[in-house]
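The structure follows.
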């Protein structure tokens, strides 16, 4: 058993992390941090947390108090800039669900995140924890971005088999990907019956994907009128290998990532509220390119589920402990 | 442990029942019936059923073969008319998720369902299984309708405390409530960005609700542009009792139904993909009426979840075994 | 021709009013007011306003400047409290789309709107302008609320024919009904795949409806996951008259409100982006109540369209000039 | 004035064409064809067509009768295969909204459409009518596909300025793009809160786009949970020219297609229910590629609006007569 503190538990990533911790057989919730809800009972976040049948859940405390709670595992569910400023508590495993520690080079923050990293000297201590490509290797884990996870699940196993000049990633995400903060773009009147790309050509997940692949990619995200889930449609040209075979072999033993049979397309609806991912592989008849499509839940495999998976690997728990992988809900 | 056969496993109610059986600690899947998929592997229904990590799932067989499989429990997930025609296998517990056995009086089928009941002599053998109002009491269980469940959770505890001439139930349901059959009204081009009432004044759940309450009610369902979930907004006039207090007492020990604190409204989003229900109670300032709002998932507490709950009660399992009640997903 | 000033042109009601003014054969846009956009070109609100083919549109000025512009008609598209504080410019026709002048009795504002009316002495000068029930009769017009419009189109012609103790109005509206202001409830992550009632038993449109009908009603609004449109489902008991016949006669000559044939239900999709309304009439088989359903667009007949219709009547233009009534878009 | 017959008026494209014909100052509706509604009044398609204020609309007749009605213009709103089999009535202008006459080479039908063209000898007589790239030049006009229109508006003016090996088109369309036919994929339970690509690498609009551009492209369509509208996100690499400048010059005089200012993204919501298109142009920081995004309404500029625009050009009417281009609806 390991004890857990969640800092930023009232955001989307925080609530989803809390959800999985409560269902995890080997994690015990120790501290629930939220600066806006500090002092209030858990039910203040969601009435479901105040019901019959729930294990006793502690009251909210401040994020600082949660960080200092001495828990074995600390999940940072904060904004990029807030997380970047955190001094990691000694001895705890820390998983940062933000982008605050995903790059060793602090210049990336100036160039892509719009702030100068407040603790650049510590960046080298963090590892990028994508279990299927770059498993966590240290007690400070930078949890990958949701788009980056989908793109890398599709492309990382192929990185040596594809031409480096021709990779395009076109992604579409539900609205929770942008967090609970109120902005003009998050207003339901803008999102409903709408679709639009955003931060075209300049989204911060582009350098994250490129960094792992080792070459630049074109990446465009779009906002979907759905609550959860993400699809990344990736276009690549094989140097010769059978890309489907490469992917099938890479994921043959995975209980988290599935390569779908030929002709079956990934669907948001099948991955929503799960911690798994689906990959479809297709040949383009006209150009001979290969189209690899990855679907996952931005809050599951794209955030909280992956954070738990990383902890499972670090603590030697079963890799899928506490994950949502088995439902066939409509 | 009890063995289970699901007839009609490829419809929405069937798939959701299958989902809960696979997650249930004391139920073992024995036979999977679907006339359209007979002979095919489970993955033909949903690719998730063909993945790593799944317990072994049998191939589809015909519904008739599933009924004759000798399972301890048979779930009938068929159309009203198909289910009505089934001769219950001897000795099995049978839970009918359709409306085919909800009325002792066969005339209701002619008047409200549009067919004459093919086995009217057997109707008396079935009990109506709504755990919070009319717990199952025999091996043949008619599982309540989704709208009827919501209306009765809100109103059944109040039936002696309200005026019988003034009850209105206005309900709104997601599109899965109408099943997987293709109809002009189920086309996405009709459902998206739309809302409309249907079968106004003549929906078959009206007599079901009235039968349990003991007096007639006005009931109107509306189709929402959402996948799952249902809200019933019920208007009643108290004879004098504090209706909130009556409901709070009735559900004080329930792990399935929650009465929300004053001022908190039920929301579809909190009950979707769960087997629980939320109830809100409000006073109308102008008329003095009481407005009781119940939200549940039409496929959860409104269908498959309730079917499992009924089986749990009949077999003496923990009432909530296998149910989805604890998540706080966004 | 009449000249027009729009105050609050950057909100939903303001933008829709602007849209209809630009399409109106007898109205000329004179002043475009918005405190947040003052000084900017019209294209700052919406890039469509900066395109080829548009008639020349003036720059935004402050709301105060718009009010003082000397236009023949002033549309107030402000919040309730802002509009209530406006001193009507002399000689202009003023149409207030907010609730700031819908009641002669200032006590209603304290009791239902959460503020004390800042100019109570002026309230008697305003008339309530619902063309089909209470046509505008003076130069100061309080434009009805969206819910009130739907409820009154359904019930006002029936007010003397129904029992006064038994009227329930259950309404469902798209998200634009709540305006462009950012609130936790307007966040797309809350609205999508969700439905919930709000201000149950205490919404300010209840006294507005009751005031016109002459008796109290129970009214509950719900927020739909759609952008536009509103359905009010009204339950009433006839004293004896044929309520369908009464409604058909009342609207026989209307080009704005249609009573649908028997068996046809109103649909949001058919009234969205129009200035018309549809009414369906149904008998409830169990209780004998009559269910009258009205659908309209909350921003059309429920706001900007009705404001234009009121101006048409006051100026003697054709009643439907500039209205959107003829499309059959999917 | 010209008289009009619509064949297939009960489908989406047919209803939208009818809608525009009724609003057109120089077109007169002469014959309304639908095999399923023949003999019924226009209100059988949509109750709005039976209302006060409508110009007199003829009853439905069979498609064959509509084709033989002698109208000056015939719109074919039929399936690909039905339209392909039509012998064009002599002397009429015929606009085929299906894909039945978009290729001079009949082999394309075998390879991409799944049928052998029933009248291959006539294909040479048809011209491809995309006003901004390939204006109609004869009385038999093949109206472009919706995806092809968006891709070509974005890329056709750039065809000589971009590298031919690197063009990717990732498109997302609302559900009306697939027509009114009931299919498992059109069921609302599949479409809501979902997103999936379809016909990946083998959609029939890929050769249509490639044919106009003169080189192969990779094209993937996705189905959005919205009713109307389409976005095509196109990735290309300039040989050196300033691609934004090329597009701005190409569309400088257009009242139908707008190039948005720098930093402004196209949005479905602004083009829905219009006959215009929006184009945004962006540089990709990492790869130097140019991303050109085009949004339009699949039923407007992508179908019926373009059909009307083609007729306007052929008859010498004002190019935008009867088109919906001026609204700023929310």
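To keep things simple, chains are lettered A, B, C and D as they appear, and every chain counts its residues starting from 1.
Following the convention adopted for this analysis, a residue touches a chain if its C-beta (ideal position, glycine included) is under 8 Å from a C-beta of that chain, and two chains touch if they have at least 3 such contacts.
All values reported here derive from a predicted model rather than from experimental measurement.
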Message: Over half shared numbers or under half: where do the identical copies subunit A and subunit C land at their interface, same or different?
response: same
Message: Find the pair in B-C, A-B or C-D that has over half of its contact pairs, by residue number, in common with A-D.
response: B-C
Message: Roughly how far is subunit C from subunit D, centre to centre by C-alpha average, rounded to an integer in Å?
response: 35
- request: Can you check how far apart subunit B and subunit D are, centre to centre, with Cα atoms defining each centre and the answer in Å?
  value: 44
- request: Give, as an integer number of Å, the spacing between the C-alpha centres of subunit C and subunit B.
  value: 38
Statement: Residue ranges of subunit B touching at least 2 other chains are 12, 176, 189-190, 192-193, 225-228, 269, 330
Task: Show which residues of subunit D lie in contact with subunit C when the two form their complex.
output: 12, 15-16, 18-19, 22-23, 45-49, 51-54, 176, 192-193, 227-228, 253-255, 258, 260-261, 264, 269-270, 273, 278, 299, 320, 325-330
Task: Would you mind writing out the residues of subunit C in touch with subunit A in their complex?
output: 12, 174-176, 180, 182-184, 186-193, 225-227
Message: With touch defined as at the start, can you tell me which subunit D residues reach subunit A in the complex?
response: 165-166, 168, 170, 172, 189-190, 193-198, 200-202, 206-207, 210, 216-220, 222, 224-229, 231, 233, 235, 265-269, 272, 280, 282-287, 289, 291, 293, 295, 330
